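Two complexes follow with subunit A in common, the first pairing it with subunit B and the second with subunit C.
Up next is the complex of A and B:
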């Protein structure tokens, strides 16, 4: 039994990506700290370059081993699914930390803030203007990505490309709207704990939308090059799951961070 | 959170037949789901975005004549414990002089 299981499973060849990725993370974080004390961005930029190289190489490698070498058998795919589920779960907890920070400070506001939430002097954003539009954009992208998924499953190549393109465009639109909101907001990151929690939470969320759009862009290139079949397209499903979780995180932000009064 | 659990279950068990079975319940026709979702995209999702765009545009027009809020030098806002590592060290990354006051007040009384 054990022999059969090993014969079916694929062991990856040694790859430098875990090391380069870890080193990139180290250089970026320590580089960020260095940039704040010594006014030099060299270390952080080096880390960023290494991160981009790692992203490029590791995704190229996994596409080679799956699509071109045929190593992604059903048990291997299952492992990849487990991996993605675990990763997304960890991201959910990452965001829960920031929501917890917001609620910690807003549910029992200190006297220094005026004893109220939002703090005295903060002009909040109207949730029914741009935030509502942003929610609609992300929800629409959820519909278009589902449309793309079904098109892939039914072997409809052109429809899949169209829906996937539309999904990416909606992601870009969200990012553009959010950047505009950041510029037009009457409060800044330096405006006490309200500003800090707001911009850190929405900032990380925006970064995740950009990551999701990038992931989908790769999927679009792959779909155009016939990598996906109607029953094997895990890369696409991984991108869709990641983006769906991003969307849910924004919906939670919408109901908590953007409202005029803490619940 | 329940939705998340359900979603990750679906992702795990997702083989073609199972997905079709699960989705035929939602779509009504097993092989027609792509068409259904395409219709949803163009009839519900994108018009929904268009409506929200119109709403935002109209609301922005209403507010465009409002003056920025009066400046009160609260100590819990506009915190400058340390200079920012760019420019003159006093402006945030997305500083907008029309709506963001500096610790001493609005610049140039815009």
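Up next is the complex of A and C:
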């Protein structure tokens, strides 16, 4: 591989990760079905372990290809950026589906719901309590991540590490607050279409915040190990774009799912 | 794997006021991974890479067989009382 002059684009080495990742997906999905019929979670757990192994090894390999082998030339980086943008766009559409479900049921509430929205019997959460705090926490993390980005671009190593750490802590704070809200909520996922749409939408959002925090934690470790330079730190930019889009989706859900009346 | 085990130590040291003490090991890593030995990137780090690869592949094959086993079990008709 070292013989080729660094061509503008590169072909990756053969890797077991696509196979192991696909098998992980097979085991998780079939394991989920088997767990429901035969009350055993072994197959699903095996799939989860394989997923984590695949995620670790494939991201380790990408870091090796980029940071250690120098393959992430500007054209390659451009491709990576396109890839991340497309992925984030697909996530946005994923969330749009759940918002559509909420609006479908809330804008024209059926007689079974009492003909009103929120439905009869549902005690909604006060949006100006924990949900507003959560919005503030996520917005604050947007500030800290921008600060981290500028610190990286300026070559300020210590400040970048501090801002990144703060960003991750804010992400954890959000998750802790949301977990408490879930525990204290006066309605459950089983409480009709309101409960279903509320918990599925906010649940997937919360999962994405956890994913974002994890992505940033990896960026923090890489920043500490001198992987990022002031003009090449795409991994960090990908994490920041992903988290910003997550923040946007929470802002939208705040204005729709949490308010007392369907807009 | 060795590098992974060093990461918590590295992370803790990074937060100390003298974060300069964490040495920049990127040039060494660049030398290791650019060595002309024909190894694919997922094995090129050394023994720990090979062990992790073998463990992962073992789980992949075993897991596939296990899921086919359950497929067969689920395909069998339920015993009537």
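Assume the second predicted complex is superposed on the first by the 257 of 263 C-alpha atoms of A that agree within 3 Å, B and C clash if a C-alpha of one lies under 4 Å from a C-alpha of the other, contacts with A are read in each partner's own complex, and residues count from 1 in each chain.
Note that a contact is a pair of C-beta atoms (placed from the backbone, for glycine too) under 8 Å apart; a residue touches a chain by one contact, two chains touch by 3 or more.
Please read these numbers as outputs of a predicted model, since none were measured by experiment.
On the superposed subunit A, the two partners subunit B and subunit C both fit, without a clash. Shared-chain residue A:68: touches subunit C; no touch with subunit B.
In the superposed pair of complexes, A:17 makes contact with subunit C only, with no contact to subunit B. When the two structures are aligned on the shared chain, A:245 is found in touch with subunit B, with no touch to subunit C.
In the overlay built on the shared chain, the residue A:26 is in contact with subunit C alone; subunit B does not reach it.
Using the contact criterion defined above for the overlaid structures, shared-chain residue A:93 touches neither subunit B nor subunit C, since it reaches no partner.
Residue contacts after overlaying the shared chain place A:189 against subunit B, while subunit C stays out of touching range.
Of the two partner chains placed by superposition, only subunit C is touched by A:225; subunit B is not. After superposing the two complexes on chain A, the closest approach between C-alpha atoms of subunit B and subunit C comes to 18 Å. Of the residues of subunit A, not a single one touches subunit B in one of the two structures and subunit C in the other. Note for the complex: subunit A touches subunit B at residues 35-36, 39, 78, 81-82, 84-85, 88-89, 92, 112-114, 119-123, 126, 128-130, 132-133, 135-137, 139-140, 143-144, 146-147, 150-151, 153-154, 156, 159, 163, 166, 170, 182-192, 195, 230-231, 237, 241, 244-245, 248.
Looking at the complex, you find that subunit B touches subunit A at residues 3-4, 7-8, 11-12, 14-16, 19-20, 23, 31, 33-34, 36-38, 40-41, 44-46, 48-49, 51-53, 55-56, 59-60, 68-69, 72, 74-80, 82, 85, 92-96, 99-100. Against subunit A, in their complex, subunit C makes its touches with residues 7, 10-11, 14-15, 19, 22, 24-26, 29-30, 32-36, 38, 40-42, 44-45, 52-53, 55-57, 59-60, 62-64, 66-67, 70-71, 73-74.
Taken together, the subunit A residues at the contact with subunit C in this complex read 1-3, 12-17, 19-20, 23-24, 26-27, 30-31, 33-34, 37-38, 42-43, 46-47, 49-50, 53-54, 57, 61, 64-65, 67-70, 157-158, 161, 165, 220-221, 224-227.
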